[in-house]
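Naming follows writing order (A, B, C and D), and every chain is counted from residue 1.
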Amino acid sequence: MKAAVLGATGYAGMVLLRLLGEHPEVKEIIAVSSSQAGQPARDVDPGLSPSVAAKMSSGGKLASVDEAAKAAGARGLDVIFSALPHLKSAEICAPFVGKAVVIDLSADFRLRDTAVFARAYGTPLPRPDLMMKSVYGLAEWHADGIRAADIIAVPGCYPTCTLLPLLPLAKAGLIRGTVIANAISGISGAGRKEKTDLLFVERSENANAYDPGTSHRHAPEISQELTAADGSLSLLFTPHMAPLRRGMVTTTVAELSRTVTTEDIAAAYRASYGGRPFISLVGSRVPQTRDVRGSNRCDIGWRIEGQHLMLFSAIDNLMKGASGQAVQDMNIRFGIDECAGLPTGAEL
Amino acid sequence: MKAAVLGATGYAGMVLLRLLGEHPEVKEIIAVSSSQAGQPARDVDPGLSPSVAAKMSSGGKLASVDEAAKAAGARGLDVIFSALPHLKSAEICAPFVGKAVVIDLSADFRLRDTAVFARAYGTPLPRPDLMMKSVYGLAEWHADGIRAADIIAVPGCYPTCTLLPLLPLAKAGLIRGTVIANAISGISGAGRKEKTDLLFVERSENANAYDPGTSHRHAPEISQELTAADGSLSLLFTPHMAPLRRGMVTTTVAELSRTVTTEDIAAAYRASYGGRPFISLVGSRVPQTRDVRGSNRCDIGWRIEGQHLMLFSAIDNLMKGASGQAVQDMNIRFGIDECAGLPTGAEL
Amino acid sequence: MKAAVLGATGYAGMVLLRLLGEHPEVKEIIAVSSSQAGQPARDVDPGLSPSVAAKMSSGGKLASVDEAAKAAGARGLDVIFSALPHLKSAEICAPFVGKAVVIDLSADFRLRDTAVFARAYGTPLPRPDLMMKSVYGLAEWHADGIRAADIIAVPGCYPTCTLLPLLPLAKAGLIRGTVIANAISGISGAGRKEKTDLLFVERSENANAYDPGTSHRHAPEISQELTAADGSLSLLFTPHMAPLRRGMVTTTVAELSRTVTTEDIAAAYRASYGGRPFISLVGSRVPQTRDVRGSNRCDIGWRIEGQHLMLFSAIDNLMKGASGQAVQDMNIRFGIDECAGLPTGAEL
Amino acid sequence: MKAAVLGATGYAGMVLLRLLGEHPEVKEIIAVSSSQAGQPARDVDPGLSPSVAAKMSSGGKLASVDEAAKAAGARGLDVIFSALPHLKSAEICAPFVGKAVVIDLSADFRLRDTAVFARAYGTPLPRPDLMMKSVYGLAEWHADGIRAADIIAVPGCYPTCTLLPLLPLAKAGLIRGTVIANAISGISGAGRKEKTDLLFVERSENANAYDPGTSHRHAPEISQELTAADGSLSLLFTPHMAPLRRGMVTTTVAELSRTVTTEDIAAAYRASYGGRPFISLVGSRVPQTRDVRGSNRCDIGWRIEGQHLMLFSAIDNLMKGASGQAVQDMNIRFGIDECAGLPTGAEL
């Protein structure tokens, strides 16, 4: 297989290069960086393995979009990942649709309701014409759609971490009312942007909530999938930033719709996730971000408190929350082993 | 004034020494460390200012409990702070009651219901006989009691950060039902304990919830004060740890009991906190821990989301959440300016 | 006294506002930010104490350079601190010279040799005409000059931390040859700049040397002062970055010019620093950055290894390495107690 | 191959399990923890991949030393790694010698001079009788010895990072006199010990030198290998701690023995390291710990300053500095591809 990566020098792109570089089925990589095309990739990112550079079609150099387009035009490209910013990604990906499978990590193909998109992003959905060809790439829930899609919209990190523990219970009708979800994210979730607010000195020794309730752009994305499972549910979602590089935990409180035991909850999870390689059901234990650091896993725990259910989930925001799930989507799309090239264990 | 500090080499004790060392009314300090008595304080803690050491009665050396007892016996001690562990603190403080004002930072005098204490701490309340002489030292709410108390039980960090935004609204009847509070704490909140789980390598690059719902020992403490304000409220409280040294934020969701505006909420806060020097009402802005780092402030923000109210609060867990509030309690108890020796600005 | 601060929203400026806000002799502050003039200072920096804002002449708002110029023109300004970038600072400070004491934290008045400046900064010394009116503000060494100067060039953080342990020994002729100094700095030393390389994700879990040997701009500054003390010495200086916000340590190796004891070294230090409030001589103990965090102290330790001497020093790069020393220089210049407004103890 | 790991719950042991779990030739692992034998490994370390647990002979449980001994007795164990503390490791490994290849990560077999060991560790060399069967496992330098050894003493992290840039130059006679090496280590280098000094709150926002000159236990280890290459060299080595979990850089200054160019230095490096997969020669660029995070690489840079040479090296202290080199030694010993199971790229 031959893969291209747009936005190869951002955090998601850097992780994609590492994953594709070790992927057993990917033999050639076009690493696109519009700003640094022509530079040796290992000069820009000295941490890259020589073996990743060896897979690059351009002799280890970063490429331009044109080079990817040329490969796609010659029917030589199987898949193109876009780790470009939203509002920019859809337009740049559009010419590739139909020529290569497009796996987009931006928000441009995630929200099906154009009014919701416009409200969240302050501008119309960039390519409504292509939405029909896209599927929401939450791998454990939309595998059938993924297998046939031209465009896969990789979910946001917060939606992935929040939806995975909720969907089985929403589908089973076990919860009701307003779901209160609070998440903590590592700083890489904000991207590799030259902003004062993301400087080491601002973020170290600091923690805070931001964009609470319904104001974060990921809230409508979570709501879309949650209400698809159970239209009666609503959501208050509050993200927080804490001084770690990678990692995310979500703590969710929901009202139980009837009296259940923790084993009933476990049964609902097993029904949805039994045998799924990247879901780890940890019962009453509360997962930590270090349990999944560098892995594509989502660990899920739960406890009952009277009429409320408490859910705990942990992912690596750059893996299951971005690049890892993107590769998982690729594996599903191309009928490869779903786990190929994806770690299930954590780095120390 | 002459003050003693028990547990002077723990984090709360170290901050107490720094605050009392700069306090304009405190002229002499007995810094007690049972394990290191006789050692020069600046050998044990090289960061201590020479001027703090100069205030120490023992020529800059750490003292034994006996030295504090001797001073108290001779009616030469005004106040004794205990930063000892719970279950140990009450017994060691007991002989000082009536001779010096006891300001206890442990949990031993916080919970008025002995059954609740026994459930939370797994052992009976250590000194129920002394509870009558104690007051819960949440400074903005119990100043009258503090002025007359023999024993002041300094609230826990989580209760302080969670109660300060809630109490004015509970008292005004603006909220109802189950309050969902999620807090993030810096690691110093767990104390200076030689535990694997508190090592740099375990805590750095890690975040997690723990003791969720009603299982953390601070949950009954928050409930006690919350239901005293409005007996119909209940609480689900989940603490989280994140890799910062100092700091705490709480994100709280409560159902509104009637339709209100954000200005109504502001009015309720002004009614309770107008002119209080350590409460900063920041409106719809969400406070960050860095805003209050090293200060005795609690910053409070709020937003309305449909029928729900979202509250955001930030403190320094070792200041307003422990040693700073202890000194504030002392100031109130002795009729000194409430702000004496207490910063209202944050370190960079 | 009335003071102005140029560059009030950078890290050095933020610390200056905090120090001047608590300084007993400073009654009024003009906090200048060209980019945010007119904004309430506490909106821009919510950590600022209300009491600092209350000292601001403009009702707590950030001011323009013009407002500072107007105050200076009316002979109403005693001192102006510049925390502006080098190459920009001298030009903006020039009109104030003679009207207010200028205390410049940039490099523009530090290097006396115009060729050396041009080599280090790649451009001519901006205001050679004003160099005669300036003094190098290493407070423990140039107090006489500081008392009379129109312009005080506050030393860089690396020079301060490296020179303070070296100068007494150089002056006493105890060392010879090439001095090898290695320093580790917290990230705030690089300033509040929107650069990828200073992002949390880049700096956390990372450490590195940079600009080694003679290539860092602070190397000629250290050499200038070192060779003024002993013209036969030369220097190899290598700075390192490590993931802490504030703090600096230097480890220096020098050849002994004759056989000495550690007590001989101690005597040389006492001869230079006996009674100096901000120098702490710690003997064979190796100081840590936490010993001096938030204080204006420099802690100095030393050991003899055969014919070599090893020196260890620690400062807070934003205090003794920048804003703290600037205030110390102001105190000396205006005949105030040298310690006024400056902590000698470390934050926890 | 079947491998056992003693001390499987320390940091080096945890990394060994991860590496062996992914190693293509290792089919079975006995993970020994004397304190937690019988516990499921994934309960103790939830980050472990299920696939690692699946390789464990005991059904995913931690084993006792006896189980490893039984396997060795039955000639069913190929290799045993010891990540036990020094002074304890040699005794526990001794019964395995001759039955399985012993790869010891402690200091017990590193120092060939018994007097030097006794001075550094305060107690006699534990098993001088076995020293003859051991080789110093610096993989790039002792491959021949490693191939035949019964015991491989994996070098310390500081020696690895310091020796790799020095040995080619010492061997080529390019340097002389006293070598000044300064290293910065991540906190995991100190091990998983319940010590106050290793707590998050003590280590975060802190940096310091310790055990300077000749006093660190790794100094004689570096000297042993350095003087074996050139007996005229001597060493002053100072380690530093900085708040990162993993990673190490060394900055070394040495006097040139004759006038050379940077290309001469490059040639000396190529002569020693040409084609070696884990050495990356980066010329005048200064490597950072992030370049090698999680990889088994050592990146080496160099610059000439007059008559001095400056060397810069970076490793991951738990990989090339411990467990990674241990696996590299295993690969060499068993004639497997030297790179098997060892990453050459860095984690993001």
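Heads up, the rule we're going with is that a residue touches a chain if its C-beta (ideal position, glycine included) is under 8 Å from a C-beta of that chain, and two chains touch if they have at least 3 such contacts.
For clarity, every value in this text was computed on a predicted model and none was experimentally measured.
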Those chains which touch chain B and also touch chain A: C, D
Residue numbers at the chain B-chain C interface: does the shared fraction exceed half, giving same, or fall under half, giving different? same
Centroid of chain C to centroid of chain D, CA atoms only: how many Å? 40
Between chain A and chain D, the Cα-mean centres are separated in Å by 36
Take the average of all CA coordinates in chain A, do the same for chain C, and state the distance between these two points in whole angstrom. 45
Residue numbers in chain B touching two or more further chains are 11, 188, 202, 204-205, 243-246, 287-288, 290, 293
Quick one: which bits of chain D touch chain A in the complex? Just the residue numbers, please. 11, 14-15, 18, 21, 46-52, 188, 204-205, 246, 282, 285, 287-288, 290-295, 299, 318, 343-348
Quick one: which bits of chain C touch chain D in the complex? Just the residue numbers, please. 178, 180, 182, 184, 186, 202, 204-210, 212-214, 236, 238, 240, 242-247, 249, 251, 253, 286-290, 293, 303, 305, 308, 310, 312, 314
What part of chain B is in contact with chain D in the complex they form? 11, 187-188, 192-196, 198-205, 243-245
